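One chain, chain A, appears in both complexes that follow, with chain B as partner in the first and chain C in the second.
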Partner chain A sequence: MSSASSNMTSNLNAVAAATAKTPSQAPVRNSLWWDAFRRFKKNKIGVVSFWVIISYVIIAILAATGLIFPDAQVPNQAEAYSSISWAHPFGTDIFGRDILGRAVHGIVTAISIGLLASTLSLVIGLVLGAIAGYFGGKVDAFVVWLYTTVDSIPYILLIPSLTFVLGRGLINVFIAVGLTSWVTTARLVRGEFFKHKSREYVMAAHAIGAGDGRKIFGHILPNVAHLAFVQFGLGFVSAIKIEVILSYLGLGVDPSQPSWGLMIDDAKNELARPYWGNLAAATVFMFGLILSFNLFNDALREALDPKMKNK
Partner chain B sequence: MSRNNSTVQNATVDSKFRPRSQSATFLQVLLAGAVAVALAVTGCTKKRFDENDNSLNLVLRANVKGLDPASANDLYSSTVINQMYEGLLAYNYLKRPFTLQPALAEAMPEISKDGLTYTFKIKKGVKFHDNAAFPDGKGREVTAQDFVYSWKRLADPRNTSEGFWIFDGKIKGLNEWATAVKNEKANYDTPVEGLQTPDSHTLVVKLTGVYHQLAYVLAMPFASVVAREAVDKYGKEFLNNPVGTGPFVLEKPSDWVRNSKITLKKNPTYRPDTYPSEGMPGDAEKGLLADAGKQLPLVDKLVFSEIVEDQPRWQNGLKGNFDWVEIPKDNFDNAVSKEDRSKIVPDLAAKGLSLDITPALDVTYIGFNMVDPVLGKNKLLRQAMSKAFDSKTYIEKFLNGRGIAAQGPVPPGIDSYDEAFKNPNVAFSLEEAKALLAKAGFPEGKGLPEFQYEGLADSTARQGAEFFVQAMASIGVKVKINSNTWPQFQEKIKAQKAQIFGIAWGADYPDAQNFLQLFYSKNKTPGPNDTSFNSPEFDKAYEASLKLPPGAERTKLYQKMRDIVADETPWIFNAHRLGYKLVHGWVGNFKWTEVANDYPKYIRIDAKKRAELGNKL
Partner chain C sequence: MVPILIGVTFLTFMLFNLFGGDPAVRFAGKHATAEQVQVIRAELGLDRSLPEQYLFFVKQIATFDYGRSWASKQLISTMITDGLGATLSLTAPAFFASIAFCIGLALFAVYGRGTMLDRGTVVVCLGLLSISSLVYILGLQYILAFKGGFFPISGWDPSWVDRWGYLVLPWIILFVLSLGPNILIYRTVIMDEAFQDYVRTARAKGLAERHVYAKHILKNAMIPIITVIVIEMPFLITGSVLIENFFGIPGLGGTLIKALNDSDFPTIKAFTVISAMTYMVFNLLADVLYSLVDPRVKLS
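After this line comes the complex of A and B, so read on.
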């Protein structure tokens, strides 16, 4: 049944073709996803950014499992504020800990926050956007009211107040960020659902007796999934930045956890001394990750944009 | 359908621009910060110093809340209040240890044999500042009745004064008067048994019990005399319209620009008050007696700037816009020689600056909640944690060595402090700490829950908390940090919910009692005993000490109390801080005092020297 509807829609509308679900069409290799992948491969900046992100992830996994920089959190008071050397490329901090090691462990914090928070916000945004757009009426009015309310409070005020309620720590930061950053996704998905729900392929599915759940998740959702991908990437970047800002303000992760925000907070006082290791390491690592994520997102969006198909 | 499409388009545009605008905001904040700092640094070079302007320019590190003595409960407000208001007694400017002398009183009080009646003779001819509150605008003479009125203001529940604790339950009939006022059964004309005025210049204070600290609290700004006419005229605005008897006067309310600057002028009708002619040995050599016998104040104008941020305060201070400035922790190496921590760096010395080091009369500590089921019942565990905390390294790291490792609650400079006393539980030793922990039944921390440390959220407090956690981890005790705002932090302590917390106490007056009361069981939190320490032996000694006048017997009791808390370890004693200030070459008669805030009237400014040195800065 699903393949029937897909075949129909691929004739009607190439954008709407959810061919990823139909292995029989794989050899043809002209699906939306395959097109997107080909377009993405041509974008050199996008590919480089992708590999940079992958290496960040690998480093994070190695650090989290203790294979590299296992002693990043162990203080060594005798070596406090030592300057640059081969052993400590960015020097050491107030407690004599290697700043490079702390920055590397900061990747673990950043990536886990980014991953968990943007997953949470994506799930909330997709579900709320989908049911609002699909059902319309009172459900829609409620969801629109909800996200307008959430969106009317500046996030820089909303997230700190949530962390005040939930307390500090990695889990609470990701819940706070996730609960507040789903609005854009919900709005986009709601609009797409409005557009798609009266399209022929949905009507066809309806005609052969598909239920609401099946139409939402089986038919329409695969056709708006490219939006979700892009939103996920954007959410990832903003979650990392929010974590850094919150930790800098003293509202973020537990202080015994390495975080770029805490390192910049340390640096705030140290610059007058002057020790710049913390600031340099945190910003270089953050810059690399966020820049490559933004470039990767741009490339991904271009690749997934059907209007770019024939370029 | 078209409406829906437009929604989608808007949303798409939004999603494209959103991340960029966010990163722009972050950059803008950084840029704005850089510009602000640059302006603060360059802006002050425009200032030129006038050869005839001997004004004293001081800086406060927090904003002034108001200028009513009844609410002078923070250092910054009370510093300004002290220039315009006076009480019966004040501290001698030069003598150490701190010695009280009469201010508005003619002489020190006559105290009855039972210690319950104090008789003050009040100076004749002391006038309130000229103010529109008085008929024809001329300040009238101060009488004993004015003190009765001013002290009743502290007790008046409608004023919710933070200063009533100085008289609470101490003066006969005052608490009863306050209750009657609350029930609208009394007013300011209702007499109070313990505050009598046999004639216009005699004040008799009757106490409910012996209160040796009375003389000290009378020197606090809370007990200053205020003009009833001004309170009646200005009502709530009295906070902004100070009318007292002090050496300086706020000529008009607009001379105080909120959160920025307070400009005070010399009081033309100030009482005869002269610079002391006797000091401590060495004071004469430092030139501190050159102005002996001269009428105060020695400057015509006094300006307090309010600057909260460290760096602008420091930069303005270096430029000579303030006559002295405290050295922030992170600028320490730029100001103080690395080889000798008691010497200023040569290039600042060449500009005529000098370094002043004065103990701050305070103690910083890490408190244990004594009602906590694990910490409160286990003295050996507390001792082990205390021994694992290296206060010397802490002082080196966080105070640039500007502190003395505290052995007990009482700081140096206060009676009963004994330099020779070494608290065995303060001496850092990981081996002994581990042994004590094993003896307590928790070898290597096994069997202990994870403790919660409560601290503040600012960077330095957070680093201090991390230091504590690392110290505890070195003997296997696990601690989690909770960062709080100041009100949250206070609330947790007051509700006995804080398990371990880092905090400090500064002296209200130079008597060890002010520190030892922090362990008295009847003061337990929400009172000042924030660990809820309870020891009948300590209480007995404390109660006995209250009845004793200053002297060897009382000192002995104070030291006994210190030994009890040193052994019980309700606190990890951390540091007595030292204040480091840079003083410009044109400032004369500078002798820093931690308990008294009336110093500006003693300071001399050499305007000619300032014009010469200052314009080179």
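After this line comes the complex of A and C, so read on.
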């Protein structure tokens, strides 16, 4: 008995000594997110692409507030199709507008479509996937029916039909893309909720009287949120690519708005003459943004993958 | 299958008949009088009640009789059978060539996992995916056909003997377009197999790497690969919309874009339902194949 208690005191002492020591070192935080952050920091390609994305965002904000390229939209017939110069590194277009300025303003269109459409599809996918996986039964059958239906119509038909019905314009493009691209997210989240809903931590939450809403959003959702991050990035990229194609088909943003798709559409008739400024500028700017997003997504997925832990 | 078909028809119907505004007004044009609109409405069957119109639409689908196009007045079923040949002669060769090539490359990437070979493959694929498909089409058409003169810029010959000359460049473009996504998918699928226990066993009993890859990994990876291929089959019909438009190939994609430009509702509706049905049939086929190849899977 006495030996046990002395053991205990020595243990306590050891713990006290250990805690006394720690303030001098940085506390090591061990959660899924910190692990992922540490793994992400080691991935150089991921970090570089993250900063490229941030620069795109800053340029977009500067352009949207009119601090850079304020008159990219102002036609200047006298300068139509001028060739490359310091003032116009990509030349000017048919209306004499600076192509570089148009491409920079195209970032604003692309990023806003990407953000809004992927947010919309993420919210729909998360909510539907969560309630389907959590409640099961009839709710699940309905959600599965809904996403299989949406999924069976190819996007090349569904999205043009939707924008055709809604009319063209920035808002309608993001609604059309958002309403049609939530299927994968819903399917993945549903699967995760199926797995998680009978786990011990959810049972424990149930035992202390947590309601359905609290269990879904307070307990399970944070544990499947890593999926949402990756899906958001993928949605962002595909929304931008779809916008470009829609605008080219004449179903996308309004022709008065700067858009890479509209620039490529212009280029179609200009290449033979040969004015390649529109095509080059739209491609270069789009390539930079999409590639860094693709690489960032890839790094993020690896960092968040629990199988990669301690590697 | 049936509930989903009902869902698809219902969604298409709602989209065009409820939210799309009055099709008769669109069809009659801006300067039509009220009587003209009324006549057109009766002609198109739009004066009937919505449930009646929906039942009529379902009947059209069941009998494969989609009526006539509003724009060209042709029978839609004829338009579809005419376009199918052109579309398939464009997509099928590129589709299968790409599968064979990409599986091979993905095997190499998995073989070199952890090295620059694999890393480089992934980065190049992501790079390929970062360029709009429009740019590939425009750029390759400009460089290889307009500047280089190796291929006709665009055009078509309805005869089955003379059409191939026009198709080589579209094939190349379709092939290049499919490289990025295909290699990445097959790499993931094969990589999943490469870490299984039976692979370790095969190595432990002293098999050469060549055998491990060809006889063990590839053979088992074929199960998910076949599923991916079958599910992508509808791409043979819908995957070439932009290319057909650029090269003036009179396939289904060109017809679809024309229908979208002309507000040709019946044609768009027919295309939507048919491609959805194709998608469902191939999904079902994938499930059946899966259960045939993998005895652990039982169809309920």
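Everything below uses one rule, namely that the second predicted complex is superposed on the first by the 283 of 311 C-alpha atoms of A that agree within 3 Å, B and C clash if a C-alpha of one lies under 4 Å from a C-alpha of the other, contacts with A are read in each partner's own complex, and residues count from 1 in each chain.
In this section, a residue touches a chain if its C-beta (ideal position, glycine included) is under 8 Å from a C-beta of that chain, and two chains touch if they have at least 3 such contacts.
Just so you know, these numbers come straight off a predicted model, no measurement behind them.
Trainee: Report for A:77: first if it touches chain B alone, second if chain C alone, otherwise both or neither.
Mentor: First partner only.
Trainee: Scan A:269 for contacts with chain B and chain C and give back first, second, both or neither.
Mentor: The answer is first: A:269 touches chain B but not chain C.
Trainee: For A:148, is the partner it touches chain B (first), chain C (second), both, or none of the two (neither)?
Mentor: A:148 contacts chain C only, not chain B.
Trainee: Go through the superposed model and pick first if A:187 touches only chain B, second if only chain C, both, or neither.
Mentor: A:187 sits against chain B, while chain C stays out of touch.
Trainee: Determine, under the contact definition given at the top, whether A:165 touches first (chain B), second (chain C), both, or neither.
Mentor: Second partner only.
Trainee: So in the superposed three-chain picture, is A:231 touching just chain B, just chain C, both, or none of them (first/second/both/neither)?
Mentor: Once the two structures are laid over each other on A, A:231 reaches chain B alone.
Trainee: If we overlay the two complexes on their shared chain A, which of chain B and chain C does A:94 touch? Say first, second, both or neither.
Mentor: Touch partner of A:94: chain B, not chain C.
Trainee: Using the superposition described at the top, list the residues of chain A that contact chain B and also contact chain C.
Mentor: Shared contact residues on chain A (touching chain B in one complex, chain C in the other): 241, 245, 249-251, 268, 271-272, 290, 294.
Trainee: Using the touch rule from the top, collect the residues of chain C that touch chain A in their complex.
Mentor: Against chain A, the touching part of chain C is residues 3-4, 7-8, 11-12, 15-16, 19-21, 122-123, 126-127, 129-135, 138-139, 142, 146, 234, 238, 241-242, 256-257, 260-261, 263, 268, 271-272, 275-276, 279-280, 283.
Trainee: Give the list of chain A residues in touch with chain C in this complex.
Mentor: Chain A residues touching chain C: 45, 145-146, 148-154, 156-158, 160-162, 164-166, 241, 244-245, 248-251, 260-261, 264, 267-268, 271-272, 279, 282-283, 286-287, 290-291, 294-295, 298.
Trainee: Going by the contact rule at the top, pick out the chain A residues touching chain B in the complex.
Mentor: 75, 77, 80, 94-95, 167-168, 184, 187-188, 190-192, 194-195, 198, 230-231, 234, 237-238, 241, 245, 249-251, 254-256, 262, 265-266, 268-273, 290, 294, 297
Trainee: So in the complex, which bits of chain B are touching chain A?
Mentor: Chain B residues touching chain A: 1, 4-5, 7-8, 11-12, 14-15, 18-19, 22-23, 26, 311, 328-331, 333-334, 390, 393, 397, 457-460, 462-463, 465-467, 469-470, 480-483.
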